[in-house]
Amino acid sequence: VVSSAAASEDHGVASFTHLDGTGRARMVDVMGKPKTRRIAVARATVVLSVDLSELSPRWQGLAEIIEAARYTGILAGKQTAKLIPLCHPIAVDSVIVEVRPSSYRFAVEAIAQIVERTGVEMEALTACAITALSLVSAFQDADPWASVEELRLWHKSGGRSGVWNHDDEGAGATSLVVPATTSESP
Amino acid sequence: VVSSAAASEDHGVASFTHLDGTGRARMVDVMGKPKTRRIAVARATVVLSVDLSELSPRWQGLAEIIEAARYTGILAGKQTAKLIPLCHPIAVDSVIVEVRPSSYRFAVEAIAQIVERTGVEMEALTACAITALSLVSAFQDADPWASVEELRLWHKSGGRSGVWNHDDEGAGATSLVVPATTSESP
Amino acid sequence: VVSSAAASEDHGVASFTHLDGTGRARMVDVMGKPKTRRIAVARATVVLSVDLSELSPRWQGLAEIIEAARYTGILAGKQTAKLIPLCHPIAVDSVIVEVRPSSYRFAVEAIAQIVERTGVEMEALTACAITALSLVSAFQDADPWASVEELRLWHKSGGRSGVWNHDDEGAGATSLVVPATTSESP
Amino acid sequence: VVSSAAASEDHGVASFTHLDGTGRARMVDVMGKPKTRRIAVARATVVLSVDLSELSPRWQGLAEIIEAARYTGILAGKQTAKLIPLCHPIAVDSVIVEVRPSSYRFAVEAIAQIVERTGVEMEALTACAITALSLVSAFQDADPWASVEELRLWHKSGGRSGVWNHDDEGAGATSLVVPATTSESP
Amino acid sequence: VVSSAAASEDHGVASFTHLDGTGRARMVDVMGKPKTRRIAVARATVVLSVDLSELSPRWQGLAEIIEAARYTGILAGKQTAKLIPLCHPIAVDSVIVEVRPSSYRFAVEAIAQIVERTGVEMEALTACAITALSLVSAFQDADPWASVEELRLWHKSGGRSGVWNHDDEGAGATSLVVPATTSESP
Amino acid sequence: VVSSAAASEDHGVASFTHLDGTGRARMVDVMGKPKTRRIAVARATVVLSVDLSELSPRWQGLAEIIEAARYTGILAGKQTAKLIPLCHPIAVDSVIVEVRPSSYRFAVEAIAQIVERTGVEMEALTACAITALSLVSAFQDADPWASVEELRLWHKSGGRSGVWNHDDEGAGATSLVVPATTSESP
């Protein structure tokens, strides 16, 4: 049940901070929260019937498709509050998107950062989702069966809840270049 | 290689209609295509650690969350061309989104319809993706581990390629109300 | 009751075309409707505590405020489908906005026209509303009590329901320049 | 009065802070103002020929229409600066919208809050206006005569001018749930 | 000349089709015009203090910057009606953008195509302008003096006025790949 | 020069702050930068075959066209981050646009101001570019040969690099009213 899932709170519903006392959805009021540095990392996998590793590395098309998808995701991430009703409009400090092709799949990772009173989880997820859809779009003729899998938050830090990592050991193998870059970027 | 993956076409790269002769991405020119009725259905699953079936059916919050997510998806579907660079801006005739909660998951389905020279696959996928993210957003505090799975095209008809269905027998079990409604809607 | 209000229809709820058979809101499917020329006129009044007729006619500020408000309304009218979830995205053929200042009030009128399968009522209403709010915005310091009154549809023609006029004889007195222009414009 | 004020350079035009010294409209420069907590409440009434109180309280359609309108208003409130030219783009901390149906009308109330150098009056008014239009849209077939009345600012606090309330004693009777919630939210 | 034309009501003002009989700006009513295939080509030059030809052809950064700018321009071209108040919202059939680097400059070309009652000149110009600004943005640190020059329409065909070409013989030398591609694309 | 800088990994690429260590474009991370007051001024010239100085100064149309263009530019300037992928979304404190007609040309100037960790150069350039295009749009019928020239940054101050002015003595002659106004505005 919800109350057990949110065990540290009294009654389950209270853990849905998007609901007010009468059960109506609302934007969470963040005015009382301190501004802290917050980072969110989201990931997704695009699964294709096309073996990307056999495409010649010098074939320009793949790099172009990936680049298009990255910019698409960055622009979408910055517009999250216009897409998701209860998200706060925030001036995100950076959105980084990485795409790594391998056999039959793309690994997508988006990192959003901000110094604010509210998190950037939805910004990272939105950037990741639209990057993935842009890749699906590019392969629509070659593979109408392409799917997006495991689109989810991977890491978040900052704010009340501190550092949080999704517990998936196998993930290290598909780790992208960005996290290392990120840790040194400020 | 791509050419084998797209076996029914002559040369692999040609099957990426978003690429021109020099490998650069572009919007596909659709001016020569006839206007036909086109329908696209996309689906996704939101997987949670919360058992939705145990939430009281009279608890208003869940219905509100679902309704918010549906409208979010409809608005996003209508803005697909602003999010995906190589999509044509089209005046979609309808976008329908359905959400069905069950144990630990939401089934999401989006249907886009148009009479145009270009398809509405990306509109259905975008509506589906943003609906799913809106649901993830609502459960962010209760379950930061929520993920979106199997976001993909499920059915498309109209245009050069006729009717096409994703071959997944198990899908029938989670079939939503909408398809039946749709078939009678015109 | 609704059914009596919508007396010409069989059952009340059916008259809410934005609802499907299960009571869920949806975009109305317009694919089966013919494309016809459709015109919608909306009006609103902005009521101020400032006597606009005493402002010198040569004072440039008022003309600038009105012009700003008109363009604001036109741009908003073209974006109606992004603001109102169940409106169809349409390529409106023209949006015209007029503003006439008098003592203590602005009369605002917006006309939207299209050749389409769906009407442009919401486009006219949205253009009218945002024009009015832009005027309110300009007088925010001089009159925080400004209000928008009688924002409503005034005329619509085209489509299944033919010509329709709001029954208000007094309206002729505040009739704006636009309608005459409009009737000769095609 | 404004007309006399407008006759002299000293007071009159200065009250239109959206005009510069030459009478041209501009965004007010707020860089010198302190960041303070600001709250704005706007209200509007949607007047219908349909008696909403006779609709069965269990009829799901009305709740859905209201919910759709609320989200529509929240999304629009966050996009105010894109709609109203001279509004500052601000990262509003919260937008809350309430809708209460009664006989032949909806009472709509929107509350916007921020800690900033500029107010959120237009955000509240825009959220309120688009919520009202979304309700009008839903009843377009049942009642094309629906109108929006008394769309105006109701309360604002914060900034140079302190607390301000619209002087209308009768308003208490139609007071919505939100204000009480709001006063305890930070 | 326009000044003499503007002196009489007969010819001058009529040439400004964005003005109505009273000199007020408006969207041109296009409902009476036939739908024809229309093509518009716009060009611009970005002038830098950086010799692009000396950058190693294998340096990936330049290709990435160009690709980003191209997609940026395509997305902006599709949103022209939201940026330019009196432009009609149109469902452009294709927007193609090309960028060619040479010594100290980028040549930018945008081609917009549609089958509609109104032209796509502003769509091509907007795509071209935003592509150019995206390039300026990428070189902001290396060259804050970068400028955009000769942003203008280069070719248009379709509609009442037939084929039209800007009379500039020297232009052939900087002709981009796109026109040839375009002529065969339908 | 950049070409030599680009030859080594140490200095060259670092000057393109939009590229990360691997040559991929990214949003610059600004979280470590202090918030300072930043001002950017951009200018452009619209060149026409129409002698604007011979148009009667009382002819209302020109003032309307200019006013429309100014608002268009202000709205676009506030949406820069949605148009240019690697720009940070910022809550700009003011965008001012001025347009001065003379013989055969319009001088356009846009000033953007903010107290932030990142500059507003692109906001000023975007406001300037779209203002210029809006003017081109208004004269499209009278002069399809209109062009935008010398669109570039003219002044920036604030941030790490202090005050910077474009070195062009002749510019004083076409200096607009705004800079003086600006210096006294905070």
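By letter and in written order, the chains are A, B, C, D, E and F; residue numbering begins at 1 in each of them.
Convention: a contact is a pair of C-beta atoms (placed from the backbone, for glycine too) under 8 Å apart; a residue touches a chain by one contact, two chains touch by 3 or more.
This structure is a prediction, so every number in the text was calculated from the model and none was measured.
Engineer: What is the minimum number of touch steps required to go from subunit D to subunit E?
Structural biologist: Shortest path length, in steps: 2.
Engineer: With centres defined as the mean of C-alpha atoms, identify the chain lying farthest from subunit B.
Structural biologist: Between subunit B and every other chain, the largest centroid distance is to F.
Engineer: What's the rotation angle, in degrees and to the nearest 5, for a C-alpha fit of subunit C onto subunit F?
Structural biologist: Superposing subunit C on subunit F takes a rotation of 180 degrees, nearest 5.
Engineer: At what distance in angstrom does the C-alpha mean of subunit F lie from that of subunit A?
Structural biologist: About 33 Å, centre to centre.
Engineer: Between subunit A and subunit B, what is the gap in Å from one C-alpha centre to the other?
Structural biologist: Result: the chain centres lie 19 Å from each other.
Engineer: Distance between subunit B and subunit D based on Cα centroids, please, to the nearest Å.
Structural biologist: 35
Engineer: When you check subunit B against every other chain, which residues touch at least two of them?
Structural biologist: 22, 24-25, 64, 67-68, 71-72, 75, 79, 85-86, 90-91
Engineer: Give the pairs of chains that touch; include all such pairs.
Structural biologist: A-B, A-D, A-E, A-F, B-C, B-D, B-E, C-D, C-E, C-F, D-F, E-F
Engineer: Quick one: which bits of subunit F touch subunit C in the complex? Just the residue numbers, please.
Structural biologist: Where subunit F meets subunit C, its residues are 63-64, 67-68, 71-72, 75.
Engineer: Residue numbers of subunit E touching subunit C in their complex, please.
Structural biologist: 20-22, 24-32, 81-82, 85-86, 88-91, 117
Engineer: Would you pull the subunit B residues touching subunit C in the complex into a rising list?
Structural biologist: Answer in residue numbers: 37, 67, 70-71, 74-75, 78-79, 90-96, 113, 115, 177, 181, 185-186.
Engineer: Which residues of subunit E touch subunit F in their complex?
Structural biologist: Subunit E reaches subunit F through residues 1-4, 6-7, 13, 15-19, 22-25, 44, 49-51, 54-56, 59-61, 64-65, 68, 71-72, 75-76, 79, 83-87, 121-122, 125-126, 129-130, 132-134, 136-153, 156, 164, 166.
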